[in-house]
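Alright, structures below, take your time with them.
Two complexes, one shared chain (subunit A), two partners (subunit B, subunit C).
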Partner chain A sequence: MTAVSWAMLLQFAFAGLAAALALLPAERIRSVLSGAASAVMSAVGVVTGVLAMNGVTGGLQFAVAVPAVPLTFAPDRLGGLFIVLASVIGLLVAVYGAASVRGASASRTAWFALPLFLMGMQLVPAAADAVSFLLVWEAMALGSTVLLLAEHAGSSRVSSAAVWYAVMSQLSFLFILAGFGVLSAAAGGTDFSALSAVAPASPPALLAFVLLVLGFGSKAGLVPLHVWLPRAHPEAPSHVSAAMSAAMVKMGIYGILLVVVRFFPGGPDWWGIVLLVLGGGSAVYGILQASVSSDLKVLLAYSTTENVGLIVLAIGASVLLTAHGITAAAGAAMLAALLLVVSHAVFKVTLFLAAGSVLHATGERNLDHLGGLGRRMPWTAAAFGIAALGAAALPISSGFVSEWVLLQSLVHGTRVGGAAVSVIVSIAMPIVVAVVALTAGLAVLTFVKAYGIGFLARPRSAAAAGAHESSRVVRAVLIAGAAGVVLLGLVPGPLATALVSVLPASGTPIVESAGLLGVNLPGLGAVLDPLVLVILTAVLASFVIIATLRSAWRNPQRIDAFAWGGGGERAQPRMQYTATSFAEPVVRVFDDVLQPARDVEVTHAGESRYLVNRVRFSQSVTDIVESRLYRPVLTVIDRFGVVVRRIQNGSIHLYLLYSFAAVIVVLVVATL
Partner chain B sequence: MTQTSYAELIGVCAGALLLTSVLTVWYRSQRASVRALGAQGVALAALVAVVAIDRAEAELIPVIALVLVLKGLVLPWVLTRRRTPAAGARAGADHGEETMLLNPVAILVAAALLAVVAYAVTWPLVADSLSPAAHAAPVGVAMVLIGFLVLLTRRRAISQLVGFLALDNGIATVAFLISGGVPLLLEFGASLDILLVTLILVVFSRQMRTVFGDTDVDRMRELHD
Partner chain C sequence: MLVAFVQVALFTALAPLLVGVTRQVRARVEGRVGAGVLQPWRELRKLLMKQPVRARGSSWILRAGPMVVAISSLVLAALLPLVTTVGGRLAPGDLFVVVSVLLIGAVALALVGLDGGTAFGGMGSSRHMTVLALVEPTLLLAVYALSIPTGSSNIATIVDARLATPAIIVSPVGLLAMAAMIIAVMAETGRLPVDNPTTHLELTMIHEAMLLESSARDLAWLEFGSWLKLTVLLGLVGNLLAPWGVATSNDPLAVVIGMAAAVGKVLVLGAILAVAEVLLAKVRLFRVPELLAGSFVLAFLAVAVSAMVS
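Let's turn to the complex of A and B:
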């Protein structure tokens, strides 16, 4: 029994406690106690993960849980990182949930499902063989589905979202099952160390790669398997969507890393191309949909697809560069992927929890009806703003550092010592840089919209005007998240070196701490020291600020004039930009991709064609992957389903006849 | 007991089992079907007794008692029991005539065919055996198939239960004929299961009657999401 084993045992104990406390009758007590137990469980999970990251081996083995195969949970360093991630998110989410959820989301079932979900997520990276991996993977899917259904009584969209989610979860599970099945058959065992003995270029490994990427990609929300994400994230209770978006989709990323880092570190270069295409497509498509969405939580969900796309793109770049022997850039790309994973987890949990507070305070998710929340909910607004900086990858945030490393690796990836290495890489990298740049630009626009329309200006509805700040505990959780975003952005050095330590060791160090805890990529000759930059900027800015203040002091007269007011009264809230109007240029530019449905309805005054009484404009952007890819498939399945109905028509006698016929056929066949 | 008389006795019991089995499927009246089932239970107990005497196994005595009490008395009683005197009049309809999905002649022909199938498929398995008991095993398989036929052709819930129990009797018969029964503990467990299932289904069919005014399972065709 090592420290890891004890920590995992403790986790199990607290998970059981949380599940038991979830059955208490009083809602308030249940929420606080079960939430607290889940939080402690996650805190212990952080310890497990940190130990595993530092190379402490050991774990738990259940010899008799499944016939013939012992279940083994023994995290390696990479798994440790993802355990830390899932546990930190779990901790924030459990505390937030204990402090804020009410009603259906605080039901016994929901509180029972939360530890199942969180524990499942924390165990997925710990699994050391395919069977235990699939088992906890399914526990995670089951727990999240139950949580997603918590509010099903209130809205029919919840059950529809749950059906989509459940179907896509099962589809992803089947792909993963098939992938592991192919690998196990080739390796002759289900143990991960046995699986990694399969040669990367052999047909089973290639088939398994395709199946596993499909399965894990669906969980990660990659286009075109992302359709569950913009449905499930908005409809789930906010703390659950935070956990799903910040931690659960990362398990899909972990799965992909499992394939390309742990099982087959020397995969062929087309694996990299496949991941680049999947990731790039998801990044652009996700952020485009996010930029035109007016629903705050849908926007955040699509932004998750974007970020996951960037992560997979970085992994793909690393695989491609490794296959062509450009190791320094490949290492940096893998580091970028891990940095993006951590940074996305931190800012997305903050964004979703802040969105949850907004939803709780106003009952609105539609940005077109929000506004002016900055004054009414200052703490939430500040946390959301800082996390939005991270999501837009702007300086002083963790998002900036990770995208900087990604771009460094891509830019320096084409040449080694000044000479181009490979045609494919030389063509791919500039395209990828363009994709990342486009994504980054749209991300800025998206989050300017989300923050500007939602929190600045004046309230656009009575609900927004009557908003109130959330409770202290909730504020503390939000501030902790926002602090994480800034901290990882200002002093990225320690995190980057820790992340590199979980990767298989290579000859030259990928990253070093430089200056005031900044990052130095020695292989690429690039240094970023955000803290120094911030201090430098502050010093330079102080001169300007002092000058401005002095001139203001000397010339105290001030004229309050309403810009473009034309001498009129103050502008009405309805005159402000809305989320839809802010995104209008984007919709116009990407008209062919987004294909929005617009409807202009003009009501004329009396008989006149020239006097207009009222103009009503509505625009909706649908997910074209869904309407072009999924709908036709569903229609075909539906038609087939009608035929099947005749066989499966509900008559008990018919069913009995089936089994009777089966018995007789089996008997006769056995005799022959 | 001589080998000949043993074979004779086994033959008589197996014949009785097959006959009662055919009677359960042939009778139109539920009450008569249940009575035939009770007779089958008694015949099964007799069969176990014959096997026990031949093998001189004292361990089988509690099994005989168990089979006799449970399959011969308790289960038929549970199936025919009326709930309350007041409800008895209405319940009478449920114990009365059963409308079948096949006419009686067709059912008898089907039962005969099933017996032939059972013989055809089981004989190769037991042909090499010297024991007269094993040679009677096709009867057990035929009982299973005929029990299935009851399940298939009846509409009312209670009649379906009769079919289910007849099927179970068939399984027990095969077990006793081929191997002299399963271990006592297993026998107890299986019997308890059967009793529980029957009790639950009887309660369930009463619920059905309260809700639908009938226990015709053909009415429960609506599929729910």
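Let's turn to the complex of A and C:
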């Protein structure tokens, strides 16, 4: 029994406690006690993960009758990182949930499912063989499905979302099962160390790669397997959507890393290209949909697809560069992938929880009806704003550092020692840089929209005007998340070196801490030192601030009742730009990809063609992947169902005929 | 360290002058007398002495945003190798950092536009952000193309390399990359043909629409920030096109020559810009993507060619 084993045992104990406390009758007590137990469980999970990241081995084994081999949970260093991630998110989410959820989301079932979901997530990276992996994977899927259904009585969209989610989860499970099945058959065992003995270029490994990427990609929310994401994330209770988006989709990433880092580190270069295409497509498609979405939680869900896309793109770049022997850039790309994973987890949990607070305070998640929340919810607005910096990859945030490392690795990927290495890489890298840049640009637009329309300007509805700040505990959780975003962006050095230590060791170091805890990529000759930049900015800012203060002292401001707006008091809050109008130019520019449905209805006054009584404009942007790819398949299945229904029409005569035919068939077969 | 501050001070002083020169040149080419090259200076002084009028319900963004715009331009002036390639190494920064500092200023401006709570401000920031999102790929690919000959995206290193081997500048790759870069800079600074800095017509304005709710010192910072950004980026283009004169050491004489060279390059480029703007018409907003797509193709060609022809 090592420290890891003890910590994992404790986790199990607290998960059991949380599940037991969930059955208490009083809602408030249940929420506080069960939430607290889940939080403690996650805190212990952080310890487990940190120990595993530092190379402490050991774990738990459960001897069971079926299958004959015992279930093993023994995290390695990479697994440790993902345990830390899932646990930190679990901790924030459990505290937020305990402090804020009411009504249906605080039911016994929901509180029982939360530890199952969180524990499942914390165990997935600990699993050391295929069977235990699949088992906890299902526990995670089951727990999250139950949580997603918490509010099903209130809205029909919840049950529809849950059906999509459940089907996509099971589809993903089937692919993963098949992938592990193929590998196990070739390796003759289900242990991960046995699986990694299969040669990367052998047919079973190639088939398994395709199956596993499909399975894990669906969980991660890669286009075209993302359709469950924009449905499930908005409909789930906010703390659950935060956990799903920040932590659960990362388990899909962990799965892909398992394949390309742990099982087959030397995969062929087309694996990299497949991942680049999947990742790049998801990044651009996700952020485009996010930029035109007016629903705050749908916007965040699509932005998750974008970020997952960037992560997979970075992994793909690393695989491609490794296959072509460009090791320094490949290492940096892998570091970028891990940085993006951590950074996305931190800012996305904050964004979703802040969106939850907005939803709680106003009952609205449609940005077109929000506005002016910065004055009424200053803490929430600050946390959302800082996390949005991360999502838009602006300094000084974790998102900026990770995107900087990604761009550096891509830019230095074409040449080794000044000479071009391969044509494929030379063509791929500029395209990838352009994709990353377009994604970054649209992400800035998206989050300017989300923050600017939601938290600035004047309230666009009575609900937004009457918003109130959330409770102290909730505020503390939001501030903790936002502080994480800034801290990781300000002093990225220690995090980057810790992340590299979980990867298999290579000859030259990928990253070093430089300057004031900045990052240095020695293989690429690139240095980033955010703290020095901040100090420089502060010095320059002091001149501007002094000048402003002097001017403010002489000429104090005058507050006018109305914004000028070209029309003084006639400029009503209704006349402000909304999220929909903000995104209008993007919809126009990317008309072919988004294919919006527009409808303009003009009612004329009397008989005149020139006098307009009213104009009605409606526009909706649907997910074309869903309408073009999934709908036809669903229609075919539906038709098949209608046909099949005819053979089971309830007539007893028909059923007797079936039995008779079956007996005949059995007799015929038996006589052969 | 000191040299970097000399550079910031020089460009701070130069920015209003540059705008004055472009306006004056423009006026003369159009056959007007013009207000004189010092007019922007007088405007700034006037605005700083006035009392700001702010709408009730506007948030701290309306006050802090303009300062952020000005500060981001000042940081740009400190980071880029304008007078000297030594000062640029003050903070370890490269072109990606520079682009992100540009973005910070742009975002602050867009938020100021939205915070007024009027239709004009929102319209301006929506268009501004759309153009920005589309410029981003061109800008980063141009950066990529520029970084290839030196193997580094550090802008000071790039200028040094161009100074040492001027052949890089006139190579096909270098020209393509510069063409793309110049279009991106025009879009980034809101000049013709993307945006018209002198218009106040709602159909066409982008940058001006975001300033409508700002007055006095708020407006002063916004104007100064955008002028300084233009000056600094012209300085960068100047040093990439003709790196001669830029100081490569902290020697006082070299720095003085560098300062003179920087002023000269920026003013010449400003005059060219003014003449070009008289001859150019603003393109429709929804034709801007086509223009940017063109410059994107140039940048892409630059990278692809340089990667294959080693």
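We take it that the second predicted complex is superposed on the first by the 621 of 672 C-alpha atoms of A that agree within 3 Å, B and C clash if a C-alpha of one lies under 4 Å from a C-alpha of the other, contacts with A are read in each partner's own complex, and residues count from 1 in each chain.
To be clear about the criterion, a contact is a pair of C-beta atoms (placed from the backbone, for glycine too) under 8 Å apart; a residue touches a chain by one contact, two chains touch by 3 or more.
Note that the structure is predicted; figures quoted are calculated from it, not measured.
Touch criterion not met for A:Phe640: it reaches neither subunit B nor subunit C. Shared-chain residue A:Tyr655: touches no atom of subunit B or subunit C.
Judged by the number of subunit A residues each one touches, C leads among subunit B and subunit C. In the superposition on chain A, contact is made by A:Gly518 with subunit C only, not with subunit B. Contacts of A:Phe617 after superposition: neither subunit B nor subunit C is touched.
Look at A:Ala420: by the touch rule set out above, it reaches subunit C but stays clear of subunit B. When the two structures are aligned on the shared chain, A:Val663 is found in touch with subunit B, with no touch to subunit C.
By the document's definition of touching, of the two partners only subunit B reaches A:Thr671; subunit C does not. The intersection of subunit A residues touching subunit B with those touching subunit C, taken from the two complexes, is empty. Residue ranges of subunit B in contact with subunit A, taken from their complex: 101, 117, 120-121, 124, 141, 144-145, 148-149, 151-152, 160, 217-218, 220-223. Taken together, the subunit A residues at the contact with subunit C in this complex read 291, 371-372, 374-375, 392-395, 400, 404, 407-408, 411-412, 414-415, 418-420, 423, 426-427, 429-431, 433-438, 440-442, 444-445, 448-449, 451-453, 455-458, 514-515, 518, 525-529, 532-533, 536-537, 540-541, 543-545, 547-548, 551-552, 554-566, 571, 573, 575-578, 581-586, 588-589. Only residues 8, 48-61, 67, 70-71, 74-75, 78, 90-94, 96-97, 100-101, 103-104, 106-107, 110-111, 114-123, 125-127, 129-130, 132-137, 139-141, 143-144, 147-148, 151-154, 202, 212-213, 216-217, 221, 285-286, 289, 296, 300, 303-304, 307-308, 310 of subunit C touch subunit A when the two sit together in their complex.
Touching subunit B in their complex are the following residues of subunit A: 648-653, 656-657, 659-660, 663-664, 667-668, 670-671.
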